[in-house]
Each structure stands twice: as C-alpha cells, then as structure tokens.
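Next come two complexes, and both contain chain A; in the first it sits with chain B, in the second with chain C.
Presenting the complex of A and B:
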C-alpha cells in the first residue's frame, strides 16, 4: 500500500509518498510524479514516509526524473527515509538525481 | 540446527508480495531481528519473486514459488525457489551505475540490489525449480 499526495507551495509541487513503493504500487507513484512534472515547473518528492522501496519503486522515480529532464523541469528527491537512502545509495542514484536532505520549501 | 524457521508458498501473482512482506516482518519481529535485516530479506525475496512472475513465466501459476527463512546462530539463511524458466541470477551482468540518467535502462537494478544486500548467493536448477540460496549475517 502506498499513499501519495500532491501539494503546491512556494512555487514547488511537493509529492509526498508514504508506505511501500513496490511492484504493486510503483505505477501509482509514477503516475502522480509524472502528473506533477507535467503540470509544474518545479517538483520535489518527499520520501521521508517510505517504509520500503524496491527496484520497481526506483524505476518509477527514474521515469519521472527522465520526463522532467526532457521537459526541462526541476526535479528533486528530498528527505529519504533510511530504507530509501539505502536503495538509492546502492543504485548510484546520487550521480543522476538531485537528492536533498530537506524540502526546498 | 536452525533456531527458528518459516516456510511460505506463493502463487504467481504480484499481489502475493503483500503476504510475503507480512510473513517476513512477522518472522523478524518474533526473532528480534532488526529493521535493517527485515528490509534486506524483504527486498531480496521481493526482487526474486517479481522477476519470476514478470519474466520467468510464473504469472498465473498456482504455488509458483517457495520461500524459506531460517535463523541460525550467526545469520539468516534465505532460500527462494520458483517453477519458472531456468534463470541464474548470479550470472547477470551488473548494471552500469555511472551511466547518465538518459542512458539508464529501466530495468536491471533488482538483482543488483539482491547481490548488494545478501551474501553467499548460490544458484542451482533442480527438478524444474530454480533455487536461490542467500545468507544475511546478523
């Protein structure tokens, strides 16, 4: 189960995900992230509430980041939970994504 | 002698992931294994199971996969088996983690995660089953 919310504040669209980002929920996560990227110039994903993420969840983030790059939008991933940090670090995400400790707004 | 063990059979349906995660979590909590170990076990079984269902032909198969977790003195032996087509996860080429975003293929990270969280990953094919044995020290 995953809960994903979208909120615009101070020029940023903040997408907050809570729960499990796995093969059952990756499509939902990708859909919200892509929607945010399509409709906003700046998107920040808040992953402080992710209890779990697998490669399927990671792929959803990568696809959204790619859409942002193609659309020349800003995309940042913030406040990684301990499990998310582990998976992002093992996958070399720091080389290709902007990852921040805090939200930009 | 295992200190404690649990076995689980899964149908070839991605929604079984939820039950798998519940059982892994319960086993870890019952045996006072920390959240890091719980996460690593969940991740390894998840990635192998999803691979077998999506790419190994296990989709829709009854009792397509078996999981066994065994607590020993110095670690956890994690065994995964599936009835899918023959596939040795230890032979897969690691992904290029230095490739830029646009050049990253969408897949290929799952087994990389398994090999980075688990030790002593061994594969054998036996009687129509893929068997993967892994070790997670405690």
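Presenting the complex of A and C:
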C-alpha cells in the first residue's frame, strides 16, 4: 500500500510517497512521478515516508528519472527514510540519480 | 517481444558461424538463471528486496520454463533468498539455453543445424535467419554501456546478463570496455538479482581455484 501526494512549492513539484513501494504499488508510484515530470520543470521525490522499497519500486523511480532526463527536466530524490536509504545505497543508485538530504524548496 | 532469456542467448550466437560463444561457462549458467528471474519480475510474478525473493502472483504465464520455476518456488517456501534460488535453479533440471534456442527457432530468428565434425562428432550450430532482432538487442546493449543516459529497465537487465556471460567483449573494443568499465559495474549493481549473480560466480570461482590447486597438489604427490 502506498500513498502518493503531489504539491507545487517554489517552482518544484514535490511528490511525497508514504508506505510500501513494491510490485503492487510500483505502477502507481511511477505514474504519479511521470505525471509530475510531464507537467513540471522540476520534480523532487520525497521518500521520507517510505517504509519499504523493493526492486520493482526502484525500477519505477529510475524510469521516472529517465523520463525527466529525456524531457530535460530536473529530478531529485530527497529525504530518504532509513529503509529506503539502505536499498538505494546497496544498489548504487547514487551513481545514476541525484539524491539530496533535504528538499530543494 | 523477446524474453530476457531469449535476448541473452541470442546475443551469444555468433552471427557469422552460428555457434554459441561465451568466455565464462559458470557465469553464463548463473546469468541464464538470472534471466529467468528477470522475466518473472517483468511479468510481475516475483519481486526482490536486498536479500529475499517474493512471489507476488503465482498464476501461470504460459511459458513452460517460467511456470515450472514459479511452481517450484511456490512449493518451497523455506527457500527465501535470491542467492538460495539462484543456486536451486542453477543446480536444477532446467535446460534454459535449449529452451531459449528452441523458442528463437520457432520464432524464425535462427535455425538449429546439426553437422558432423571429422564425420563422427555431432556439432550444433544456430545460423541466424532473421538478423534484425539480434541487431536490435546489440544496439540497446551498446547504447546502455556507451552513453550516460539512464537506460530502460530491460536494457539495464540486458547489460547485467551479458557481463557475467563474458559477452560484452564481442561487441565492445578492449578500450571501450576499459573506459566504460565503471558504467558496466554501476549498471550491474542496480539490480539485486545481478548483484547476487556476481556473488555466486565469485564463490564458484574461488572453489574452482581451490579445487584446481588441490588437484594440482594431488598431481604432484
């Protein structure tokens, strides 16, 4: 189960995800992130509320980041929760995604 | 669309000779198992976290090998980690390469040909009939390795299957491999299944070296 909200602040669209980003919710997460990318020049994914992220969840984030790159939009992942940080670190996502400690806005 | 298993086996077919090429046999065997897990993940049948593999949906897909693996996974709930499952399927009675080659033959992409060497030894070759799918897979592989953009999920998987099979050297020069080595390692690290394949190959290499050393010592005695 995942809850995803979208809010525009100071030129950034902040997509906040809470709960589990797994095979059951990855499509929803990717759809919201892609929608945000399509409609905003700058997107920040706030993952401070993620309890869990699986490989399917990571793929969803990566493909949204890919869409941002193709559309020359800014995309950053911010405020990783401890469980999400562990997964991002192990997979080396820092080498391919922009990851920040705090929200940019 | 080809499965990940079909794509990696197709990459291994030499377009000139129709022979299968792989410079790392054990790596290839693990990579083919990984390809099956990637296909199951893409079909939303399984998911993984940093260690464990989970069945998400056990309804059959319609592919005999994938369905058999899924059935085996459902029947053995005590096996939980990606590593355990890589080993279980690696040691299991699955002819993954044969399955992929038969499927590519049925699709009209290659044909199976048996010839004799020295009039005695049976040699199998798989001449390419339609070169476009292999060309497409190669192009995606090169694009993912040589450019810095974020690749599509399937292309990340493709790189992380081709690497342990030792196939990248067939399509990239040594200079390109050296310059883009970091990129290849980064792409291979993104997926849990690929990281566990690398671990399994490392363990197997150590045991083979130790076995080889022990054999050599016995030979001296």
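As a working rule, the second predicted complex is superposed on the first by the 105 of 105 C-alpha atoms of A that agree within 3 Å, B and C clash if a C-alpha of one lies under 4 Å from a C-alpha of the other, contacts with A are read in each partner's own complex, and residues count from 1 in each chain.
Criterion: a contact is a pair of C-beta atoms (placed from the backbone, for glycine too) under 8 Å apart; a residue touches a chain by one contact, two chains touch by 3 or more.
A quick note: this is a predicted structure, and the numbers were derived from the prediction, not measured.
Asks: Clash or fit: chain B against chain C, after overlaying the two structures on chain A?
Replies: Chain B/chain C on chain A - steric clash.
Asks: Would you check which partner chain A:22 touches, where first means chain B only, second means chain C only, and both and neither mean what they say?
Replies: After superposition on chain A, A:22 lies in contact with both partners, chain B and chain C.
Asks: Touching A:72 in the superposition: chain B (first), chain C (second), both, neither?
Replies: Neither partner.
Asks: For A:54, decide between first (touching chain B), second (touching chain C), both and neither.
Replies: After superposition on chain A, A:54 lies in contact with both partners, chain B and chain C.
Asks: Looking at chain C, which part out of 57-65, 111-119 or 165-173 clashes with chain B after superposition?
Replies: Here chain C runs into chain B along 57-65, and the other listed stretches stay clear.
Asks: Need the overlap of the two footprints on chain A, from chain B and from chain C, as residue ranges.
Replies: Touching chain B and chain C on chain A: residues 22-24, 52, 54-56, 58-59, 62-63, 65-66, 69, 86-87, 90-92, 95-96.
Asks: Help me check something: in the complex, which residues belonging to chain B touch chain A?
Replies: The contact residues of chain B facing chain A are 14-15, 17-18, 21, 35-36, 39, 42-43, 46-47, 50, 54, 97-102, 104, 106-107, 109-110, 112-113, 116-117.
Asks: Applying the document's contact rule, which stretches of chain A touch chain C when the two form their complex?
Replies: It comes out as residues 22-24, 52, 54-56, 58-59, 62-63, 65-66, 69-70, 86-87, 90-93, 95-96.
Asks: Chain B touches which residues of chain A in the complex?
Replies: These residues of chain A touch chain B: 1, 20, 22-24, 52, 54-56, 58-59, 62-63, 65-66, 69, 82-83, 86-87, 90-92, 95-97.
Asks: Give the list of chain C residues in touch with chain A in this complex.
Replies: Within the complex, chain C touches chain A at residues 41, 44, 46-50, 54, 56, 149-153, 156, 186, 189-193, 195.
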